[in-house]
Amino acid sequence: MEPWRTAIVDARDGEIRIRGNDVTALMTERTFTDTIFLLHRSRLPSPQERRMLDAILSGCADHGSGAPSCATARLAISGNRASVSAAVAAGILAVGDEHGGAGSGCMDMIRAGVERAKLEGISFGECAARVVGEHRAIGKRVAGLGHRVHTKDPRTPVLFELAKQNGLSGDGIRFMQAIGDEVAKQVKPMTINVDGSLAAVLYDMGFEPVFARLLFIISRSAGLTAEVMEELERERPMRIRIPVTYDGEGGSTPSESE
Amino acid sequence: MEPWRTAIVDARDGEIRIRGNDVTALMTERTFTDTIFLLHRSRLPSPQERRMLDAILSGCADHGSGAPSCATARLAISGNRASVSAAVAAGILAVGDEHGGAGSGCMDMIRAGVERAKLEGISFGECAARVVGEHRAIGKRVAGLGHRVHTKDPRTPVLFELAKQNGLSGDGIRFMQAIGDEVAKQVKPMTINVDGSLAAVLYDMGFEPVFARLLFIISRSAGLTAEVMEELERERPMRIRIPVTYDGEGGSTPSESE
Amino acid sequence: MEPWRTAIVDARDGEIRIRGNDVTALMTERTFTDTIFLLHRSRLPSPQERRMLDAILSGCADHGSGAPSCATARLAISGNRASVSAAVAAGILAVGDEHGGAGSGCMDMIRAGVERAKLEGISFGECAARVVGEHRAIGKRVAGLGHRVHTKDPRTPVLFELAKQNGLSGDGIRFMQAIGDEVAKQVKPMTINVDGSLAAVLYDMGFEPVFARLLFIISRSAGLTAEVMEELERERPMRIRIPVTYDGEGGSTPSESE
Amino acid sequence: MEPWRTAIVDARDGEIRIRGNDVTALMTERTFTDTIFLLHRSRLPSPQERRMLDAILSGCADHGSGAPSCATARLAISGNRASVSAAVAAGILAVGDEHGGAGSGCMDMIRAGVERAKLEGISFGECAARVVGEHRAIGKRVAGLGHRVHTKDPRTPVLFELAKQNGLSGDGIRFMQAIGDEVAKQVKPMTINVDGSLAAVLYDMGFEPVFARLLFIISRSAGLTAEVMEELERERPMRIRIPVTYDGEGGSTPSESE
């Protein structure tokens, strides 16, 4: 088999280099957030870029034990007490377009919208109006808006304000805000959720859309480890009983779960 | 890299052999259960052995959507709609000592007990009395007994009767029944659950303890695919809201999950 | 929380019913393949339908330790020796459009093609010619054709012949064969691989496209358990060293993997 | 179903509190590493504690594409191109006692050794001599020593020096060094690897043994996302062919993988 090629890590006896940076220097002088940025951008971040990543990473680490990712991890460790790796992995498997991963689709929408506004020579407001109208015409939900808990997602104004303070606010945030305004006008006011705001910020920082989901996974891995630990320390195995009603053939009364 | 060695499959252009058996012959003349047996024992099963595996595989395929494995898979697909592989894998990650995997530990207990009875020249009843007593002395639960839904697990008498009819009932079943009798005497009557009965049967069929868990995983993969499909077809994304109460620092009232 | 609804399993004290069928009857009289069919179709299969599922399930169970699913499972157990669940789950995570899951996309293509031929009143040959031409025009690979090991996938003629013998060969197989003929004519002869043939068969049996992938997962779970066992029994932990060459910034000579 | 209890996150409309800390304050003023510490210790770290966690997190993020975790993730995305969550999860499943998780066992050994030295009133050197001797007597490997790439793991002196500079060096590091000295004396010089040094540091910081593995998982999730991205961007699907030799029944010549 031919060796695999990689440009990420060069490890040899006594030396480990990540994207050309000696790991001992990273360990001594840098933060984990710097290393995350370095791994994905092949350079170290500016203090402003690091601030933004830290804000997103802290903002998405955990949102309650009942979120699909956290609940999945807790159910897994409840039945399979021996492997914390398995439980954290199970939690990550619940991350997708519907949970934690909407930022990637939102970045696609932002990129397309910004490019379209420039190409067609229209304002972001006008472009957003068209985009929202087109979503409505085919009955598609606009990405990055609404939250099942928050009327106003508290993380969004923080991200937008930090981006402004750190000189990283650009077309992405402006376009996403235009989208929010248009949905309020054409449908009803809906909060720009954290998927929407981190998508706008990451777009302005020059990341690819898929990174929104990857960053959420890194962030949530921290929360998942804590959720798994709490389940292990505070609860007995198999304590979770999801109530189930059978409504299929031949059924009549509520049944019990295993 | 040196090639990996394997004695399972030999695949070359136009030919696939599993443990020396041409896959086209397996496809034409054999059942999936035969192939499962072949993969793990390097020979095809007798009709009696096949009957027993079929009984276990059908008996463990699904036990309700609320079991940890099934609920984990449903939560995963609820948040990550795009990947059925991810959801089935998440469900399998919930299988462990506490859920679906107790048969392996039970086979260890059976093997040790049968050997001890022979070594010490005592009856299975006497040996079981000692084993149960030793468990009680250290406060350890005896494997393979009790079920959170069933007072009497309906699968156990079926497995024991089938083993008898098929000439496969031996020391394993006798010892497990002795354990059940002793727990009834020393503690209280508890059903031999499916983990306990499949462990006894697989021991009598000559399988290694770890196979109990592997067979459960194969069996449950069938149920998990059906659970994932039902969630996809009948429910909307993110419909699951696990209720959570915060009881940590600074908390006062019930909070909501994401 | 409101109970979850399900029409799959009704489990109550002393009784388990799968799609209305008592599990003890399934265990005594039916095969695992029957139960798989029942879980997904809400009825038991005819002997002919069972034969087809058995053929597919045996045909996809394993194709060698180097396939992505099997190699992933072996790598996982090599680093994480304690959890067979984790290793089997890792293997399933490698199943997708590119490996083991192409049958679903192929069923979509078959369904669209068969409907189009009827709607446009053209023959399957004519329809296949158009479909293949359209794929070529946009540089898209036709699903279900070609195999990196087999010039002629030995499983395909077996599935087609069994379908014919069992009276289950219909539009799906006819259309898939037309696709194969057209690719041979317009591009070059390529084998209809097992994804293509099982897709055709499952279409003719009335399954939904997603079932192709689910059935592969069930089937492969059997092979994965055997691969994991072989790694555990024959190899030492961490024995796998994938060779890696660093070609990024500052690198010069081959580096080693951890 | 009764609500689940948690002391981690309190989320309600417009407000998210992690361990009593408003998430907006964490996002604005704190780093991701602070949030990781907070999630697991219910308080924010001192600058010295943060420095140590950052060093460990950067030090374990990635060690080359060929490590089991990274190779598993790359194989998974090679076959299942659609889900980055699935690939990262697969990589985490390869983390266990043998890869990335040895720190937990090492912390157990350190805790037992430090307590034993105090209880028996012997020096750490004397205690380490006994521990190493006992391992040798039963042929058990001493945790935290040796590395398949590094003669001297470059991360260990960095962690020990940082701990000293930050006033966090204590019994754990002293005992681990005594273990290293004893192995050199009784067997042969072996490097204290990163599992051994992070175990010593985390022990001195007051963490529980399981945290060593959890912290590795968080750290490695960053490297896994980069590995998955590189595979997606630089390689074609299914490009990986693990060479396999069949040595089972009826085999004669090297066979190919799927």
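So that you can tell them apart, the chains are marked A, B, C and D in the order they are listed, and the count of residues begins at 1 in each.
The working rule: contacts are C-beta pairs under 8 Å (C-beta built on N, C-alpha and C of every residue); 3 or more make two chains touch, one makes a residue touch a chain.
Quantities reported herein were computed from a predicted structural model and do not represent experimental measurements.
Relative to the C-alpha centre of chain D, the farthest chain centre belongs to C. Averaging C-alpha coordinates per chain places the centre of chain B 24 Å away from that of chain C. One finds 36 Å separating the Cα centroids of chain C and chain D.
Between the CA-based centres of chain B and chain D the separation comes to 31 Å, rounded to the whole angstrom. For chain A, residues touching at least two other chains, in rising order: 1, 4-13, 63-66, 71, 80, 82-83, 85-86, 89-90, 93-96, 101, 149, 240-244, 255-258. The touch graph of these protein chains is complete, with an edge between every pair of chains.
Put simply, chain A touches chain C in their complex at residues 1-13, 17, 19-20, 42, 80, 82-83, 85-86, 89, 93, 242-251, 253-258.
If you check the complex, the residues on chain C that touch chain B are 1, 4-16, 18, 23-24, 26-28, 30-36, 39-40, 53-59, 61-66, 71, 74, 83-86, 88-90, 92-96, 101, 149-152, 154-155, 158-159, 162, 210-211, 213-215, 217-219, 221-223, 225-230, 232, 234, 240-243.
Interface residues of chain B facing chain A in the complex, by the touch rule stated above, are 1, 63-69, 71-72, 75-76, 78-83, 86-87, 89-90, 93-101, 148-149, 237-238, 240-244, 255-258.
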